[in-house]
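As written, the chains take the letters A, B, C and D, and residue 1 is the first residue of each chain.
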Amino acid sequence: MVEIESLKKWIELYGEKVTENKEHLNQLDSDIGDGDHGSNLTRGAAAVKEKVSESDYDNLSDFFKDVGMTLVSKVGGASGPLYGSAFISMAKQAKESDDLAALLEAGLDGIQKRGKAEAGEKTMVDEWIPVVAALKENKLTDEVIEDSLQKTKDMKATKGRASYLGDRSIGHIDPGAQSSAYLFKSLLEAGAVNG
Amino acid sequence: MVEIESLKKWIELYGEKVTENKEHLNQLDSDIGDGDHGSNLTRGAAAVKEKVSESDYDNLSDFFKDVGMTLVSKVGGASGPLYGSAFISMAKQAKESDDLAALLEAGLDGIQKRGKAEAGEKTMVDEWIPVVAALKENKLTDEVIEDSLQKTKDMKATKGRASYLGDRSIGHIDPGAQSSAYLFKSLLEAGAVNG
Amino acid sequence: MKKIVNKVEDIVIEMCEGMVKAHPEQLSFNKKYKIITRKKLNTNKVTLISGGGSGHEPAHGGFVGKGMLDAAVCGDVFASPSTIQIYNAITKTESDKGTLLIIKNYSGDCMNFDGAAEMAEDDGIMVEKVYVNDDVAVKDSLYTIGRRGVAGTVLVHKIAGAAAAKGLNLLEVKNSAEKAIENVRSIGFAFTSCTVPAKGTPTFTIGDDEMEFGVGIHGEPGIAREKILSADELSEKMLERIIADLPYETGDDVALLVNGFGSTPLQELYLLNNSVSKILENKNIKIYKTFVGNYMTAIDMSGASISLMKLDKELKEMLDYPSDTPAFKI
Amino acid sequence: MKKIVNKVEDIVIEMCEGMVKAHPEQLSFNKKYKIITRKKLNTNKVTLISGGGSGHEPAHGGFVGKGMLDAAVCGDVFASPSTIQIYNAITKTESDKGTLLIIKNYSGDCMNFDGAAEMAEDDGIMVEKVYVNDDVAVKDSLYTIGRRGVAGTVLVHKIAGAAAAKGLNLLEVKNSAEKAIENVRSIGFAFTSCTVPAKGTPTFTIGDDEMEFGVGIHGEPGIAREKILSADELSEKMLERIIADLPYETGDDVALLVNGFGSTPLQELYLLNNSVSKILENKNIKIYKTFVGNYMTAIDMSGASISLMKLDKELKEMLDYPSDTPAFKI
């Protein structure tokens, strides 16, 4: 169902968004973490861009695998292995089907296998779960993305670095949820949904 | 010629002045030194006060000796041994005469023996020389004290910590000259001159 | 941001090279994977690997050497090294006796070290792992990821290092490391934030009369923002939390680590040590050995942490065992 | 002012006690005269005494121990110890072979150490003195008091300490110290001022993009206020002055000391070492040994200095001679 070209565009847009919003992501991470989420992802975006520009992919699986392996190799921190696992997991799924909802569900699965976070723990997972659910029903919109992002604000973190803060983590948007929101906004902008 | 009571008063006033003006002396020393001249002398003043309150002096020499030895023991830095030598030297002179000009000339002598500074090197010596000269002619006034202090401003330091600054020392009043100015103002206020 | 730096992107590599150049007989640097290793690897002992984000200097490269670590994997500033970096550290330092990973308990570090361990095990390398979680500022709970690892990690390196140097096998070395972890507790405070170079501005702002109590080593906010206290009051407050936690008891022997966070002058650390030592003496907790210095820093944060490790005969022996690394010599 | 402190007046004493408590087997503290001495004095070797104002921690107490100093006399912050303090240090550490005073060339230090030496000589103690004046930021002139002593002093302690430990006599030890002084040069820069505790505010203010070049170790202004430079440019600029001065030449062997001023994180010092080492390599000046750390600080100043000591065979031997002190172990 999805075209490889629109997915390449997706990743390109995502890279642009995290790079443009590096300071914002760093600031969110300063509030409840260590202030580097934007820097980490920007580094990852640059590495991915370099990597994927080398090859001319004709299958989705190889493309996702390169994205995922690059993130796992180059980013570190919590977000490197988490986003990396998402894409590696999507690469495996891409061998079986090219349904976008199924792909992203596999991605979420990869993140949860790596990070063991459930809904409500104030992580990127809280952005992924509603988005995957909406995709399945063909109802992914900007509002869905934005609403789930805002909901992380009132959560108390129990996974990730923000969990050390206990109650002090309440009242701040989770940086990983914000970067995932950029990921899904890029998906809409790339025309990959229903495309 | 001078009464021991007025000289005790002198030292008391001097101690008060450096203590009140501690910040000012520190600030002058920050500009061309290491910012501690006021702190050093305040520490010295407290130690002297404690020491001389223990005894009831009936001769000048013992009094000056205690002042001098306390400064040498407790103050350190450049000003400790310099002011200390001044008073120890005055203690020796006091055994021979009680002429105020001769006493202070001996003090200056002590400073120069210790510190080897001549006129024009931007040190406390530049305050002492004109004051001793004026005293000899019975012409010590606030103006003499203030004029010589201001003259240190245009000098380039070649002794003391300020000498490391070379030309950058020009344009600042020497902290040791300022504390010596307090010393001589106290002398006037104590009524020790012509008294 | 005022730092001694060329390009921000090059900080980690240039800093590692500068460290290795200062200790050319002891250390080597793998630039591609940012791994600092001992120059001469001994394949007849258990290999000890630690590491994490950079910005904690001298940790972890400064603890590579005789009697401590064999390799330190260096991530970007405050970002765990990647799975691939760690995997390479494991394969390049493989010994006949297996490898122990000493991991500070952070989500990022755990995921990357765990992932690397799995990869190495797939290659047939024996790998064991321990997770240091000494910070009593964080509530330990089944429902969270638990405590984080801070300065106590250095003492864990020391104990595990001695066990490995003595020739113990992988499980024995792991047991020693776990015993060290069970017996060490830490807590810290900060007067100022650190400045992550890539961000360029302080992670948090704080008033002139305030401190962040219970802070970690990444400029993360702590338990609470409070008015600054005197050295004696601060020591009392920190020790109260540490001592109650294990608990440490009258008559116990301890190692004491007074650790600066990067820009705290030794003058202040020694003064803090004086306060802490007095209080421990009053409580009849006996200081067997003291370490004062900048061991596990948060870039340029001003502040300090206190760590206590309760010692029995075995731990004392391991603590006293010779070590010769750039930042830790016994 | 944010510092780990109780009462400002007690800083020096509490800090010294904290240092001695951290090294109870090695050090003793005389509270009345603020002297840190070796616990076991050897009366069969030349006694080495140094000291100066406090605020330079770990100097000078941290260099008391095997193979270096026998006593450090601690003045108030940035104020030379008094004549009487120094005199007491000399009499309390008297040996059969006499005493060498290692003095940093400042008016206050010179006056007080000289005065104390005279008093001790009157008591029949053999005393010799050397004056360290390694700072090339200051013009050396017959008409001024000459250069000041800065971080190079640590290397002078090391060389003189080795000479004394080897059992040489007073004049020989003095000659070694003077040889060390003749061969060492330093220069420093600061990004921020220090805050003298008794004053409570920074000694100087400085813009966010400025540094003070050629600064001393007391927050004194330096040669010039300039825009900050990259680590490479800064190293180039500092080395230029140092190298031209002695001069150091192609093929020379040197010891390199990259010294932080108190609040400079090790991350930056190692990075600076990388830049400096590269430049020296390009000039074919060979680094025989490198020391990186906070050795001679200016309380909490941020910045660093570089020192080079030109080494011949004799100086190399002395540098390599074992030393075991809190802050300097070979």
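Following the convention adopted for this analysis, a residue touches a chain if its C-beta (ideal position, glycine included) is under 8 Å from a C-beta of that chain, and two chains touch if they have at least 3 such contacts.
Molecules present, by chain and UniProt name: A, B = phosphoenolpyruvate--glycerone phosphotransferase; C, D = Dihydroxyacetone kinase.
As the structure is a prediction and not an experimental result, all values here were calculated from the model.
Put simply, the C-alpha centre of subunit B and that of subunit C have 54 angstrom between them. Taking each chain's centre as the mean of its C-alpha atoms, subunit A lies 31 Å from subunit C. A separation of 73 Å divides the Cα centre of subunit A from that of subunit B.
Under the contact definition stated at the top, not a single residue of subunit D touches 2 or more other chains.
Chain contacts here run in a simple line, from one end chain through to the other with no loop closing. Chains touching one another form the pairs A-C, B-D, C-D.
By the touch criterion stated above, subunit D contacts subunit C in their complex at residues 2-6, 11, 14-19, 21-23, 54-55, 57-58, 62, 191-192, 208, 211, 228, 230-232, 234, 258, 262-275, 277, 287, 290-292, 294, 297, 299-300, 302, 304, 329. Chain contact summary for the complex, subunit A toward subunit C: residues 23, 26, 30-36, 39-40, 43, 72-82, 84, 114-115, 158-161, 163-166, 168. By the touch criterion stated above, subunit D contacts subunit B in their complex at residues 53, 75-85, 106-108, 111-112, 115, 135, 137-139, 143-145, 148, 196, 198-199, 203-204, 216, 218-221.
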